[in-house]
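Below: one structure, written as structure tokens.
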Amino acid sequence: MTYKIKQLEKISLNKPVMIEGLPGIGNVGKIAVDFIIDAVKAKKFIEIYSYNFPHAVFVNEKNMVELPIIELYYKKLKENDLIILAGDIQPIDEASCYEFCDKVLDIFQELKGSEIITIGGIGLQQIPKEPKVYCTANNKKIIEKYKSKSLSNNIYGVVGPIIGVSGLLVGLAQLRNIPAIAILAETFGHPTYLGIRGARGVLKVLNEKLDIRIDLSKLDEEITEIEKEIKTKTKEFSQLQGKKEKKSETNYIG
Amino acid sequence: MTYKIKQLEKISLNKPVMIEGLPGIGNVGKIAVDFIIDAVKAKKFIEIYSYNFPHAVFVNEKNMVELPIIELYYKKLKENDLIILAGDIQPIDEASCYEFCDKVLDIFQELKGSEIITIGGIGLQQIPKEPKVYCTANNKKIIEKYKSKSLSNNIYGVVGPIIGVSGLLVGLAQLRNIPAIAILAETFGHPTYLGIRGARGVLKVLNEKLDIRIDLSKLDEEITEIEKEIKTKTKEFSQLQGKKEKKSETNYIG
Amino acid sequence: MTYKIKQLEKISLNKPVMIEGLPGIGNVGKIAVDFIIDAVKAKKFIEIYSYNFPHAVFVNEKNMVELPIIELYYKKLKENDLIILAGDIQPIDEASCYEFCDKVLDIFQELKGSEIITIGGIGLQQIPKEPKVYCTANNKKIIEKYKSKSLSNNIYGVVGPIIGVSGLLVGLAQLRNIPAIAILAETFGHPTYLGIRGARGVLKVLNEKLDIRIDLSKLDEEITEIEKEIKTKTKEFSQLQGKKEKKSETNYIG
Amino acid sequence: MTYKIKQLEKISLNKPVMIEGLPGIGNVGKIAVDFIIDAVKAKKFIEIYSYNFPHAVFVNEKNMVELPIIELYYKKLKENDLIILAGDIQPIDEASCYEFCDKVLDIFQELKGSEIITIGGIGLQQIPKEPKVYCTANNKKIIEKYKSKSLSNNIYGVVGPIIGVSGLLVGLAQLRNIPAIAILAETFGHPTYLGIRGARGVLKVLNEKLDIRIDLSKLDEEITEIEKEIKTKTKEFSQLQGKKEKKSETNYIG
């Protein structure tokens, strides 16, 4: 087996909603999800390592080595609990991305999950002043549930194929009759650009529909600080991804 | 197992002929086959998903997500029934293409198929006014059967290797003594060009030999409309394939 | 299993010597080996197909489709019999090349083979007037046996790593204590150049040491004809290899 | 199984420290480790071959063929014995690098190893006059043990991800609670530059902390000779790696 799943805590959740955000265009998904984990004080319960992640280690701010990892967090809420899927990398190729998503769906179903939200970016040629947020899904009902003034479903023609975990999770969920929606915010397509404003757009949408009560004004204050923190990390990503991209041209939209 | 085959209906067919057309040069095969499915009102009976298809989802005209999929349709006819193999993608690499074709041949043999026709394009440096249609096969008899004024077998030197499903299906069929022919129409080799006229040339050939009674005058009327419909979809393909090609240089001739 | 080995005839041989020549730099190995098969009227006894060969078919001079294949021929001689390994392609990547070579060595040992000769080209920046022929091996004795005025062992610094079957067969044979030598002729490194003169150099060396009695004067007459025949085929190869090379940069030296 | 591990000698060691140095940026790790093997007269006890090493053979100075190989040496010392991991290549891709490192860790644990040191280079834009040496680790204690005036731990921001065996060994060791440190010396990032001075910097650090008593003045005398010896070999590497890099863009930092 090429995946190593390390369970840190046995948990039982109430019809959890899973939110996914991994590195991709503008890192919109990663930024949004990392902010939610922080804001709701979510707790890590699963670590996933894999032979099909990049064969490299990162050096963190404590000057220590870290293996590529994807992590699952949870947060108990009044109604649906939350599962959050976060990480610094994506699986390295087609088959490993499919296999990874199916493993995540297995875990999701064991925890009796109710629906899935994936977050990604739509890369534009220039920096959008007010990034629009779009959605697509595997199910009409979940679109009705999340659609709002801030979230358009008129996405056909706006995006091409949604590559990577954010796309495949929604597609593979359909084969299991799990409702799943992809929420994608406009951002600048340049590899080193940070889609924080896009991530803010997504968080605004989620705030309206989920019981996560994220302080958006606080977010705005924090944007400057986040920007600084992520900048160095992102530089690292882009170095690794730069190499990866030359290698495999895996351009994550998800 | 990396292939998931979903049978929608149990069927029994009379010595079916299988026609294959997947994305490739000018999308000649895909356009021809999608038109036949529509024209003869063929019915889908098998869906094939795979870990070795692109790790992405498409957004369709209903703003909904679709997994990469290859589908089998059937149509009962007076003499030989029809199986049609259609889809939006090809398997991602060598081994998965071989494995996929062998799986399709298994299904074909279970249904007591009699012969196989694959459709593809021959990419020219400029747009051909009246695209010529060529054939090659694994068996002299099937060439005699299909050869006509509209279909030349003098293909040696005209094409290089036939890459992808359209080529391999014919080659692997030979190991099972299944007669198989590849019908290839000239088209413009540019990645975004739509080989509709090439596809029309192939349909004309098939119309003469199979009991599919396609209204070619209707086709000519429809060409404009098809062109419009496929344009957006093709843009999506080419985005995905653009990424794929940079990655794997899988240039489909088939 | 990804290899399909089709035995056409059960044979028993007398301490056979195996000669390998597959596509590579200047196609030196392929040209030499195809000429020997013809000259000694060797008989095909094994066909090897694989999921790890290119996922394409060739169109031959009879306008018919041919799967990528590697073939084994034999020829009974007075002393050591001959096994010849020939084909139009090489396995597609590292692992499949290793696996292929180990399968060939299994067959070789079942047939109680005594030694292995692989043939390849050394790509120069310009066309060599009188191509020098070099050898390297896994065993001092086999070098002593084949070394001559026409075959130098001072190869260190002349070639880089020997990539593909011609290299690996010699390396992996060493792990089984099978003496193996690689005979490499200078040729022009350009992808479409045919190393016929290099192949002639190798044949001259083999003629001196093996009981194959190749009529070199006849060869010289035939060079023009061979050149013509191979030209079209090679164009096909290079088209396929051109795509493959962009894809995998597998530059065969062997 | 794609790895072939050949044990040349059964040994038992006293809490050995393992030092790893494989080809990478400036070949710093390889140069350092090859020098230690020579200096302490370490003895080879394990050879590792793999289907996931380059599919090529090298021609050595004796004009003989050598398979790609990674080797383990040992040296008994007063306190902790030494295991040295050396070779001419790295595993070819992500999964094979993970699998290789896990196999090495299995061997390390069977021999009751106590800690691991990996050696690599940090590629600069120009040749550093006095290359600085940095470290990062999976464990604070091992950093405290090795840190010195000559070895800085302020590495965050200095390097990007550490790719290949030098990085992964440290990361995967953490999952087994094995203390592991990566020692990385500045060097020139150009593919043909030899990081001998960087390697000297690493050896100086190791000399201070391990009982290897390397004569650095002798090293300085030998630098010229080593430089000459390695130059031809490195040319070969870079030819192979040049092809590999175009292929897989595996830029080893480790």
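Letters A, B, C and D name the chains as they come in the text, with residue numbers starting at 1 for each one.
Please note the rule applied: contacts are C-beta pairs under 8 Å (C-beta built on N, C-alpha and C of every residue); 3 or more make two chains touch, one makes a residue touch a chain.
For clarity, every value in this text was computed on a predicted model and none was experimentally measured.
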Query raised in the report: Among all the other chains, which ones are in touch with both chain A and chain D?
Result: none
Report summary line: For the copies chain C and chain D, the interface residues, called same if over half of the numbers are used by both and different if under half, are different
Query - Chain centre separation (chain B, chain D; CA means) in Å - result: 51
Report task. Round to the nearest whole Å and give the separation of the Cα centres of chain A and chain B. Result -> 36
Query - Multi-chain contact residues (two or more partners), chain C - result: none
Report summary line: In their shared complex, chain B is touched by residues of chain A numbered 91, 93-95, 97-99, 136-138, 140, 143, 153-157, 159-164, 167-168, 170-172, 174-175, 180, 182, 248-251, 253
Report task. Sort out for me which residues of chain D touch chain C in the complex. Result -> 2, 4, 49-68, 92, 232, 235-236, 239-240, 243-244, 246-247
